[in-house]
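Order of writing sets the labels: A, B, C, D and E. Residues in every chain begin at 1.
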């Protein structure tokens, strides 16, 4: 029996997910030994036409990281979907929109205007913007279209499994690869991580008081963080109670609050709202003014609670823009 | 704005069983007519209302959401309404940041005896939203949407 | 978001939908036929039918027959409010062998037909609500009601005629009663009255025997001068904290001989006597009135030399042979258990200072009706003689009705008893003083057994009845006859002319108001009250003595102004309701409690501080939250708060609510 | 704070003494005021009764001018209005602009076409309200040099000062003027006619009725032993004072009693001269009895 | 006044069923529907004793559509606008406003009782405001008597002289500076009645 054929692809993301694959270290040799990598533009020279040339469903599994922002990404996503049996959204961007997803707080025009005319490092007095088609002596050069919004992968194509995280924890990746190889896969649509929140594996859980009441919000740079005590109890916005576990709590172990890259557990429909609800409910005050003062301390609720997940919220993007 | 005349807002209301739902019953018993745009969903306590329900309603096509609970200090479950109040205040900030007019989501304390207040609040909210117009949340293309067929067409053309 | 699986918990639903016409109550504003046909098109709906009155026996039978014939497993009834008939239809569902919680109700009467003007719009709204209910019910699960034993004792708050009557009724049935009264004595307002309308029985003659029965009844514990300060628990199992104020007299020792009062260092009574409405004086050590129950003296710490200044010869203590006086008595807080509570906290009378036009407090001879009750009372400050403050006898008396009633600036409602007691006072005043008596009324309201006949009697007696609301009681005279008198300015509306009527005495028929602390009391017991402070009954017609809180019942004027016959009738009803609950031996609790899915719970403890009943604990072994079902009251606050969806609430599962949201919005 | 002062037409005519004495008293008390520039008639009762919308327009112009001249700085501009009728009309217009959205829209259009704008930042106040609730009675006591000891004053408020829009005092039995004059040593009468109508413009239109109403008030004050009646309204003062001869002829009973403005009595207590207080303008001369000094 | 032989009955066909509604629209509030006929207005009114119908009766008649009686009544013209009825009414009926509205309707229809000079006063008032922006009491009174009862003017001249000599009568009317603005404003308002007051 021939080895399963695997692919990796990279859309709108930082590249950290590719790094996570490399982080398998020696285990990557096992992977390479077990599968036939037929598509990995980051590591080897593959072109779109190579994919086109494949039969539909020829690839057994494809790990796709990154969100979808351009027409080219959208096109290739569809292409990969057709050629692949199992599509795995790999990493937060692909899973929920990720950091690029915060682009949905602005319109396409706002972003282009800022990036090509107002950014510190830009000198562009003629206000030249990237064109989709440009005539050069050699003919026409095409650039992909910068779409109006960012989408997670499942908002573009059907996704079979999700490997959450920014980047996905190596252990989860290893488990996923093994599952694919052994064919012992959970129901389609499953997020390949434990369905319990991070508090479960948090070393500080016992220091979390039973009667936690939030009276203030601190930002990590404002205090010296106690290394033993529950971060929430120290006034930090730790999203651990709402975020999937499986990462081994590296941030908390590094004395930093969880920022929610693994996203919500399976029952939650809108990760940001769910996290906001738990914090707001825990406010101590009953006075509207005091509550508002506390709310004011959360400077950027969208960025704080939907850092990795804006496109997959109910609202998807800023409205009325 | 010519559409505004034809536009009829859809409003979902979450009312707590003990105060506001009972008040809405009283509005009925007292035959105080109000705008027919609101659909009431009963929960036991305003503390049961998850902001996810509110946004789910907006996503499903509601143009506004009304939340009704007992007056502060009157909660049948002691202080569920305060929990809702806290969520609501934070939610408003989130809505502002997301470009949704906060007047679309209204929290009101309505006691069981305030049938007239149900009438007033529902009317006011309906009129406000009529002025604001449809919410029209941005919709993203769904999987297997236009993009998919385009790509197939493209693929065929290139083949 | 489609990335998270959301499997439905139940297999294929077979739903029956029943739309009620409610006579024309619904049908007038909802096209029932259209809604019925629409419901047929909804997923899972097997039958959809309409009927004139769903709640009637044939209506219920229709549902039951369909359940059997069509093998239905889910039922939706669109009719009135679930607060009205949910229980009815759940029973009907259960009688056909289906779990009663496979039922959902859509409220298309109170929330649609009665509040919508346009029939098309009403129909659309009804369709939406039916769609929501259908979507929701398909996710319903079988549940069971929990049974809890009932504590057999009853707590009664307030020792006026309502509390007294309820206490005796319950005690006579063999159950134990704790009667808590705030004042030093029971008896309430009725004890102050002279005669009662329309029979003119002497109030004391009919009340005081009942008061002593309360005192002597083996099944009644009477705690006067005490207040309920905390209530915990739920129907059948209340834990109540009662604070007993110190009366500085040992209740068990005092025999009510009153020697202590005679020997008080104050030789003259100087303190306004509350019971006599300030028309006479009492001493710092006193007994409110001769028939006070318990017949125990009380010391007022504000005016007692020993208690206020710390220095006194303590002659009272010396005089007491039983050594009952104890200046060191402290406030006591006692916790008791009860299965049911009856609130009979009564009313207060309107303070006419709020209507300065009537001159109360400005003109000496303007009295409130309650003051006059004491004035004409044989045991009152004047021994029943009708005399003015200067000792003279009035030759003409004005009785002004509706003072603090039917007035948007004070109380909008009619106080219900003033017409009748004004007639009674008119009769008594005429009888005792032979003065000309003028009644100024807006409308004469005498709907009661024997009441109109009493009015007839007064008309025959030659009392003046002038239909008109008085604008002013004043003392500026325009004619010689008016000099030195109070002048009542009024329009005689039947004649159509303004009149000025000089009188010697003015009686203000003050209305009834809720107790000033009604708001605190209702919070304590978890009942609601109207804007005016009257406690709200569960249903104005069908549950007039129950409240929204199971196990708490209402008796008497705390629920709204009422006269003695109505109060006693209601007290009997409240007693019967309480007894019915206790004798059943158990209460059934709604199964809408919260629970934790251990598979999902991370043990993050966020839910623990949410629960006001400390029903949630963390299982440190399993590292998950655990909800004590017995303590959970089903508010669902923890469920909304839970960041991972591990906490859920029966009858209000997240999925059920989402389905309902989608249903009411996307029903076409 | 500087109050904007709206005297109204009467204070420039029959009520000149009110204007003079009030300004003198306020100066002495250190209450700064500035007359609204180019104010117009308030739109008082006679007008309000027959053309409500135009009456509101007249009032609104004054409010708009006040708002512009007062330069609202977060706080409302306070307009001091001594005349009862003006006080009522301005207050009524202000309330209407606050509460009645439709009425406001109607008026806003008219104002705009005249180049005016009113945002609702004016608060209409009566001098008595200011004296009692802003300055305080202690400040008045401090400025009293000739206390009015032994002077028995019948305070007469008139109808429109406390009805129906004003909230600073009781509508039936107001006490602000009593408090002010008592603070300055006078004894005030407890009497039931404080707010009974003096007849208003009826002394002109239906004199037999108007005079009768004034007569009742004068007679009662006299009967109760008042030395003087203090008023807070130019029309009340005029009606009560100027027709006393006619009343004697009409009703055959002398009701001669001085009728002054409360501000004139305040001025006397504060040691201001008769000239400053316009006392020479009275028909029935008044002097604080020697005994009371 | 009662005349011998004059019929004392009202047939339904003689009533104007829309009258109450018209009045309500005029006052902008429907409070007269709340009246319970208690008579507080009439008894607190200082001038009800001079009225042909007490305020209470007028409200009752207005509500039932006694159009002619209400508009011809001189009750509203006697009303002194003291507002005591309004503040004392237990049902918050805006009686003074209702009187204003009746006056306006009567003037619109030209049916107000001729012997009451109130409309004359109002008209004069209006002209003065239009001309000067302010009123002049001396001229107001003079004009009033000249136009209604010159005899009274002579009677009142004594007071006038006294006012003049005490400096309380301004003979020269004060005029505001920006009278154009005021006129523009008044013109821009769609007068809601009292058409005759400024014609």
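Assume a residue touches a chain if its C-beta (ideal position, glycine included) is under 8 Å from a C-beta of that chain, and two chains touch if they have at least 3 such contacts.
Nothing here was measured: the structure is a model prediction, and the numbers come from that model.
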_Each chain counted as touching chain C and chain E at once_ = D
*Along the shortest chain of touching chains, how many steps lie between chain B and chain C?*
1
_Furthest chain, CA centroid comparison against chain D_ = A
*Which of A-C and D-E has more C-beta pairs touching across its chains*: D-E
_Between chain B and chain D, what distance separates the C-alpha centroids? Give it in angstrom._
52
*asked:* Centroid of chain C to centroid of chain D, CA atoms only: how many Å?
replied: 49
*asked:* Report the inter-centroid distance (CA atoms only) between chain A and chain B in whole Å.
replied: 29
*Measure off the straight-line distance from the CA centroid of chain A to the CA centroid of chain E, and report it in whole Å.*
76
*Quick one: which residues in chain A touch 2 or more of the other chains?*
154, 268-270, 274, 277, 281
*In chain C, what residues contact two or more other chains?*
357, 472, 610, 637, 640-641, 654, 658
*Got the chain E residues that touch at least 2 other chains?*
88
_Every chain pair meeting the contact rule_ = A-B, A-C, B-C, C-D, C-E, D-E
_Quick check on the complex: what are the chain C residues that touch chain A?_
1-5, 599-606, 608-610, 618, 623, 637, 640-646, 654, 658
_For the complex, give me every residue of chain B touching chain C._
10, 12, 17-19, 21-22, 24-25, 27-29, 31-34, 36, 39-45, 47-50, 52-53, 56-57, 60-62, 73-74, 76-80, 83, 87, 111-114, 119
_Footprint of chain E on chain C - complex, ascending_ = 357, 402, 406-409, 442-443, 467-472, 489-493, 496-499
*In the complex formed with chain D, which residues of chain C make contact?*
356-357, 362, 472, 474-476, 478
*Using the touch rule from the top, collect the residues of chain E that touch chain C in their complex.*
36-45, 48-49, 53-54, 56-57, 88, 90-92
